[in-house]
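By letter and in written order, the chains are A, B, C and D; residue numbering begins at 1 in each of them.
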């Protein structure tokens, strides 16, 4: 049984394990104040080409989202998210648990536009309603789409004009940045958002996300929030060492490119067999629509999520590739699909 | 510069790294539903000799404390802790951030007794005050002392009579259990408390704590709380694999014994040089009192915390040993101290 | 300028003022432990025909909703509400501020049915999502509709089967109970819900809501929650005296009947002039649709809310009547409307 | 049985009832946007002699404290209070329920000094601890003492230097301002604190506190917080009308003066009978120490709190006077005490 269920089925890239081994018995300071973590932060600043940004390393996406959003907002302020946004759907009310409403906006393709936000603002006009203050976007989105530079510029400009914080969830940012259709650089994102994070867990790390805070007024005392929410690892080095390895050369991007290449292979071939897709996705998650009978057959050899019912006879499924996805497995899947299709 | 600053200066025990390596490319389920994690939970149940307990793996002590306590309490209920208790002093108000007051009680040796709790109950009598509901103890305490079986039985009995939840923070539980003065077994603790955790981070793991929920009524839906607070790692296997390795034989206890042995060596020799200690500590943290001049000299070659001022000329320091502490370093420290003392 | 803007424009029914005057200089206990408040609670139990219920008096609707819902839920549990529900739209995220998500369900007429709840349950299936636990309904709803006995029985039965708490917001309960189309008694509501409140503020009191907790397991320590959220008035008598006066005879119902009678008068005549309504409302809030030109003219002499845009030329408005609405004012409004209509 | 138990045993000053009657049937806007409330705010600005302050009317002390403090603080910030401070002892963890720790400091006379605060700051030095940000003082304190102008100036200056918010709980501010030993004016308090409130409930109002926000950066969006916490009364007029009446002439101060006069009468005569007091209190709460036998006798005719055990045979009691305390009752009490004393 080969899994296309997600991009966190395997452990970590071997280079990261090696880096952990090599540094293992060195004595360093705790709580992310060790030299590995400091170097990793410096390295990321270079990659992002900005020095006046703050970098913090956290353990996972939900943790990063909830600490960041609760640190940025006052009690009456709310986040705006797409109705597919991870914080709205799959984080067990973690934002609400910190006291903040998530205002959801109906979208088609996982992406928010200024018009969506404008409509949310229009419905929140006085003190009987929460005050929308932060815009949460994911890139790639939860349905695989990615933001173009123009789209992000428009969002950024709208947020600035309306005094809104723009925050990008980059759990799969590697895949977005390495998509063939991407025209955004890390440095663009840092200029256009107030904060974003670079996901490690879903791109080859054992675990870990690198939060980048770009806007000065949001930086103060961030480590207090991390500690208060249980996110300051005693052996913080574990996070620093991983990001150092991922970014000391092109590893982070190489891993994402492999994941994307595997997704491209799946997409191209599935398309050529005549199947449609639920969403337009140029990243490492794709959502083809198959007859239920074929899905059942595929499930005998492959694990993946059945995503949504299309009609009585067919459903969309989610296929996810990663840095560790084997080309042989992809080819075997395609071959099996081909046979089932004929 | 050799560090006696804490027990999380190094990475992880090499056997744990090996276990991570060996399992690394296997595809398993996410979020702690993989077979490693399930096996680790089963193994712990055997070690604890109870089957009707729930085991959850979390990333660190503050995270474990805040999720456990907030999951157990209703909004108006409070925790009682010693004034030295970690949740009261060094977790950035994490319990309060979940809405609950921590009632602190002045203690001498880090340990709570039924009398302490009785006094706290006596001051909280109606709805104008919070309702004390959970008793938080650490074993060993933050000042190195440990609970005897008799003491824990008395606490347990008092809590049962007064309908209080008894929760033990076991960040350094290995060191307590392996102390020469200890008469508690894991199975005793599971019978006498409503929940406790077995600390991994400070006893050789890369990171990780194993929470044990003993009382049935506290078990329901615990994974929801973990997810909501950002504690459900996508690659949850990382925690399961570590605890499996720590407990598949005596590794966990062997590591703690080494830490204790190193502390014993320090304690015995420091004592024999005529120094006093701030607290009576039979575990891996000791608090000798040295002249400030000697402290300054020691700091040239060793790092450790200066804990508290004793008088104008002397202070207590905290020396912490771990599974990784080298006997040579301990001997060198003692030799240097001896020379400074003469 | 006469106001049909809401049902809290005037002060309080004169009989309530008299009751305050008569009791004014008596010394009584504070925080709702005075004999007036105790008598009011006993009286309500008689009116509701149940003795095993708990009654608490609070100051307003948002306060009652937030304290009740946060007292009833554990941290990971959520409330389900209609997308028109007051807690979802107009209480400034007060429920989220206590840590709980409000799951909104799209409805047509302000009312929730078992099917709506079933669909919400179907989308919340594991620990990556909040756990729906409480169903919030308003009677009358925010758009004036009311629940029939059959509808409430179906909801109640569904909630019991699915282990959900059913909570009714009765900010305007008087108007629902006195509607010509109502077939529910207070005693029915107490048997069919787990908790509900009887609104005073919008039915003649100076301020005040009477919360009724029907389900035993929800009663414990409720006063702690009231105090913690700032709802335990030092001079709690003020609430008790008001509810004693409202329920010692038929005053509460007489006031609601007058409000409904005024709404009936408006509705019947507006209908007979050929106008349509946005919603079917048999209570004291009605939502007729007028041409914008007529609305502008009416606004010269009357204040009311313009509710929603219907098309380029017409909008729905909200007309609210109360115990204090003058029949002359209603007639004048109708006459003016008639003139504008011709 | 005459009560000296507290200053909220009676209803409200008759002039306030009259004001409610006179305005009762006027239609005005809801939620504190009516002309009475606006006038009351303007009037208070005149009395305070400052125009750049914001005034909000709330229902009670706990409500005011919790909304103000939670609106002012970021999640990791804490309040410092005397260990006798109301928010630390008698508000059911309301501040913690909003997520913030209250750091208590041991004091003798209910008052905080810069040294107390300095010591609290000294123990909170990094992100492993909360960040002290707001200093909470009560004037008069919970044990009857009052702050002198010099003391408040020192506190104010210390807080400014250390970037701390200074907030004064004025639940009984009238009594402090009208104490013979007071040298503070309302305008001084507004200049020396960042926010404070003028208590109505304990000085003749039916209920109500007037919060004054002095510091510009703390003013933004305050009404959102009020609404979110259930404090925005639909009939907000009730609060405005009361404060308008209390401050349109000297009523507020006259009521406080009467309370103080009654306390002075008690204090002077109790002192002259040879009794000691637990605290030095020049306000309307006094704490004489009586033999337990005399206390028991007094309790047959008077109700009051037994405050604390002094020794086996004697205790301190709390006697509270108010605007409504009858001179005859005071004299009767003194006569009875005299007879019991002989």
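The rule is short, and it goes like this: a contact is a pair of C-beta atoms (placed from the backbone, for glycine too) under 8 Å apart; a residue touches a chain by one contact, two chains touch by 3 or more.
Each chain and its UniProt protein: A, B, C, D = Low specificity L-threonine aldolase.
Everything quoted here is computed from the prediction, not taken from an experiment.
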Both-way neighbours, i.e. chains that touch chain D and touch chain A: B, C
Chain at maximum distance from chain A, centres defined as averaged CA atoms: D
Copy-to-copy rotation for chain B and chain C - C-alpha atoms, rounded to a multiple of 5°: 180
Gap in Å, rounded to a whole number, between the CA centres of chain C and chain B: 51
Approximate Å spacing (C-alpha centroids) for the pair chain A, chain C: 43
Whole-Å separation of chain centres (CA-atom averages), chain C against chain D: 34
Shared-contact residues (touching 2 or more other chains) in chain D: 75-76, 91-93, 97-99, 127-128, 130, 224, 227-228, 232
Contacting residues of chain A [partner chain B, same complex]: 2-3, 5-6, 8-12, 14, 17, 20-21, 23-30, 59-67, 91-94, 97, 201-202, 206-207, 224, 227-235, 237-238, 324
Sites on chain C touched by chain A in the complex: 75-76, 78, 89-93, 96-102, 127-130
For the chain A and chain D complex, residues of the former touching the latter: 31, 70-71, 74-76, 98-99, 127-128, 130-131, 221, 223-228, 232
